[in-house]
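Worksheet for the structure shown next.
Letters A, B, C and D mark the chains in the order given here, with residues in each chain numbered from 1 onward.
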Amino acid sequence: VDHGRLLVQCPDKPGIVAAVSTFLTKAGANIVTLDQHSTAEEGGSFFQRTEFHLAGLPAARDELERGFAIEVAEQFGMEFRFSEAAKPKRVAILASKADHCLLDLLWRDRRGELDMQVAMVISNHPDLADQVRPFGVPYFHVPATRANRAEAEQRILDLLRGNVDLVVLARYMQIITPGFLTEVGAPLINIHHSFLPAFIGAGPYQKAKDRGVKLIGATAHYVTADLDEGPIIEQDVVRVDHRHSAGDLVRLGADVERAVLSRAVRWHLEDRVARHGNTTIVF
Amino acid sequence: VDHGRLLVQCPDKPGIVAAVSTFLTKAGANIVTLDQHSTAEEGGSFFQRTEFHLAGLPAARDELERGFAIEVAEQFGMEFRFSEAAKPKRVAILASKADHCLLDLLWRDRRGELDMQVAMVISNHPDLADQVRPFGVPYFHVPATRANRAEAEQRILDLLRGNVDLVVLARYMQIITPGFLTEVGAPLINIHHSFLPAFIGAGPYQKAKDRGVKLIGATAHYVTADLDEGPIIEQDVVRVDHRHSAGDLVRLGADVERAVLSRAVRWHLEDRVARHGNTTIVF
Amino acid sequence: VDHGRLLVQCPDKPGIVAAVSTFLTKAGANIVTLDQHSTAEEGGSFFQRTEFHLAGLPAARDELERGFAIEVAEQFGMEFRFSEAAKPKRVAILASKADHCLLDLLWRDRRGELDMQVAMVISNHPDLADQVRPFGVPYFHVPATRANRAEAEQRILDLLRGNVDLVVLARYMQIITPGFLTEVGAPLINIHHSFLPAFIGAGPYQKAKDRGVKLIGATAHYVTADLDEGPIIEQDVVRVDHRHSAGDLVRLGADVERAVLSRAVRWHLEDRVARHGNTTIVF
Amino acid sequence: VDHGRLLVQCPDKPGIVAAVSTFLTKAGANIVTLDQHSTAEEGGSFFQRTEFHLAGLPAARDELERGFAIEVAEQFGMEFRFSEAAKPKRVAILASKADHCLLDLLWRDRRGELDMQVAMVISNHPDLADQVRPFGVPYFHVPATRANRAEAEQRILDLLRGNVDLVVLARYMQIITPGFLTEVGAPLINIHHSFLPAFIGAGPYQKAKDRGVKLIGATAHYVTADLDEGPIIEQDVVRVDHRHSAGDLVRLGADVERAVLSRAVRWHLEDRVARHGNTTIVF
């Protein structure tokens, strides 16, 4: 319970690393690991992630935040956020009919690989309910059609709001509206079944087959109002050749999708991902 | 000198493998390896590559081709081509200022990895002449500007025509006109410094940096009239992260470019690449 | 039901490809794909795998085999085997406590990726019974200790004999005795959690950590009387660094293990793997 | 010229990061990047690499070192080393007949990818002299046989001693004696043509072929008195299959060897590699 993380972001200037590490050390914390990144040699943005041990962190956290705001953050114009490793993020997973990404996340969670608490699974289809049941997670079926989209989104928002810190789209095949993004109050991570920016939009495996590419891939990214254009967290690829049908690409791609999505989710849960414009820094 | 290859292509129907292999066996050839591909379960195109040993192949080749045309090719509506492994293809390499792809091809050739005879290097810059000299290959400097493009292309065509079986664009940074493609009389292989179809056009590494991708790549493809749209022969990628500048991507990408291009050239030289519309079959 | 496969193996000599393909064509079969390999330029062994369509294969198979034996196999000293794609192999999966390889095989089977019929799961622990139940596969708990090994092996043999075509050791942590191999009457595929031949024996991840390797891997191989020395079917690796603990290697390695094992099983099920001494040919 | 690096190593305890960063900041340095690693949660060794800018570093360095020794290093029982990025390491490359690793290093150096000054190339064969000449580096031919080993080593030591900061064995096929290691006064990096610890010793590609592995690799490591047992800096692999002869493995492996060696050398030149027992930390 004494394991904490501190994320900071500010305009780059000399002395930040020393100021942050001195503050933590004086507060009695032991720095376990410290990563930082500056986006340019001069005039860039500075990002830092620090993991530390501090005896009695839960009780000390409020004072730590107050002290940091006054003693460090102000002079550097810093945005910052403390988090406690002992408080796992609450996660909702949205899926449709494909099971591979959903099951992989639930399975990794059960093994203890992902530091999260899965609050619910929501699907626009009933198909996966039986597979989710053994994991002891609530499954909500919210049918979604072109006709009832607004109503369906509202039902999903009612389920999510206040209950989750992260929404994972695990091959959820419905459009997310800008209004939904505004209302949901938590970041969304999506898995796109292509190596973005190649093959944006629907049917990427068929497009990949038609174009004759020799590698196919998958991309996990934060969801923004621009479809398939959000900050990329992780990508990977697998080799294919002329003998593979579009169906084979779907099968081979599924393995990449679940691997890429689970890594992205893991890194987010560990507060390793900072957003910088339309890109990410993954510590 | 007795090692031959037979490439065939025709509408798919039953009996082709048997017909081809029986013909070769009756002609006294020993089939060393035989690969085939059909593009669809029904109504597709059929491709086959056969390597064989035939004692006295150089003398027997004309009769072999005549016989094959009459006994096999006609009934299946086949296009076919015999080639002798002992007659390496004559290759021209076109480069600009970047040395990595050019040198890698020359090194591999000297080491005996590529079964080719490099007839000439042509560059629109004089810079690489010193580096090419030790390899004993003629270096032609053909300055090319927007103003003299037609004239420069004509000079290059004069150098190439009748002298080469393959033209390799080893990071040659000049536009190839449709007219050039029509005139040159040999296939062209280009290396594009991105994982096509992502980042088509100029400056792909900067585009990759701006988009925040987590892998960058390179693509070797046959050149067609559509820029960066020709049939892809080979692709590969390398992992990058937020710490890499656009300059780092150029450096890391160079290794992928030279590896991908050399594999594509090698496969072409061994008659392993068949074109099917805008895609390739690589046996 | 008309999709068949023919596997042949014999001393290499000219004319085999033609003889086999002519036989099949005359028998009315359409060759879908044909792969072959010769282990040496002269005096080697020859291997061929042919997929074909033959209308009415189930009824015609006996005659096909008789004909092939007389007309082709005899003259070439061939071992051969016909199989029907419509008759999936019966598979037993042996596991212990680790779930990742077992579940991945069951998931892929449910999704239709593996052409098999899982006859049973056998484990020396009861732990995974709940996870297997939803898949509708019998789960047999056969406790195994140093004291009761012979008895436990006998119980397993009683379960397997005559009921399975393949036994998959999905991280089954018990020694397989030579006697068991002799009795079981089906091939065994094991997944070893290292990149063999590195780190043979127990505790490979800890050994890898101690040695400071930068990649860890997994190896799927046929089981022979020599521990970890059987013919390798498939291997893969994942990058690690100094920050990874031995526990992290276990976690990262698990993904490689399940991927490698599922590919090896898939290839075996499709009759793609030929054994040649202590190595394999994977068509 | 104002870019410096500080490497420290000591028993782990709280406050090191703060102490180091505060010292540097007070000294007027701007920390550019800071990486650290602790080998265990408790009682481990601590390693840190810090890059910084300090105006007037060359003149200030002596005082910086004195100050650091007194103010920081003493209380933590620290070993430390300052280096200046503007002073590239002097490197000797030892080769035999194979050119790929040697040429790749020289070529990367010419491109500016490696921050080194190649002082000399030494070979026990004259073969590569012509290829080295265009790079403007002295080439010393020191014949080495079983009979004259002691004498040859002495000649090499005479060439190296005091002149180099790093010795790279670029497929140098002579045994390095413990006496040589003691005398040479600089670290040695070797490239072994296998994925260590698999296939230790001579002929690894033939051994790999015989064992039927599906991936082959290369390993760059510091040379110690135990053959092929030194701390591993970098490894990589490439996929092979049954169609590849031992000669093909040599060809494919050469690409991995040069890539792996050049990365290891690059990281060493940038002071990124710390040794911890028989393993490395690569920042």
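What we mean here is this: a residue touches a chain if its C-beta (ideal position, glycine included) is under 8 Å from a C-beta of that chain, and two chains touch if they have at least 3 such contacts.
All values derive from a computational prediction rather than experimental measurement.
Novice: Among the remaining chains, which ones contact both chain C and chain D?
Specialist: Touching chain C and chain D alike, sorted by label: A, B.
Novice: Determine, using the mean of C-alpha atoms as each chain's centre, which chain is farthest from chain D.
Specialist: Here the answer is chain C, farthest from chain D.
Novice: How many Å are there between the centre of chain A and the centre of chain C, using C-alpha atoms for each centre?
Specialist: Going by mean C-alpha positions, chain A sits 37 Å from chain C.
Novice: Between chain A and chain B, what's the gap in Å when you average each chain's C-alpha atoms?
Specialist: Inter-chain centre distance comes to 42 Å.
Novice: Which positions in chain B touch two or more other chains at once?
Specialist: Chain B, residues with two or more chain partners: 37.
Novice: Can you tell me which positions in chain A touch chain B when the two form their complex?
Specialist: Going through chain A, the ones touching chain B are 37, 195-199, 210-215, 217, 231-237, 241-243, 276, 278-282.
Novice: If we count contacts the way the header does, which residues on chain A are in touch with chain D in the complex?
Specialist: The contact residues of chain A facing chain D are 14-19, 21-22, 24-26, 29-36, 38.
Novice: Flag every residue of chain C that touches chain A in the complex, lowest number first.
Specialist: 99-100, 103, 107, 111, 113, 130-131, 134, 251, 255, 259
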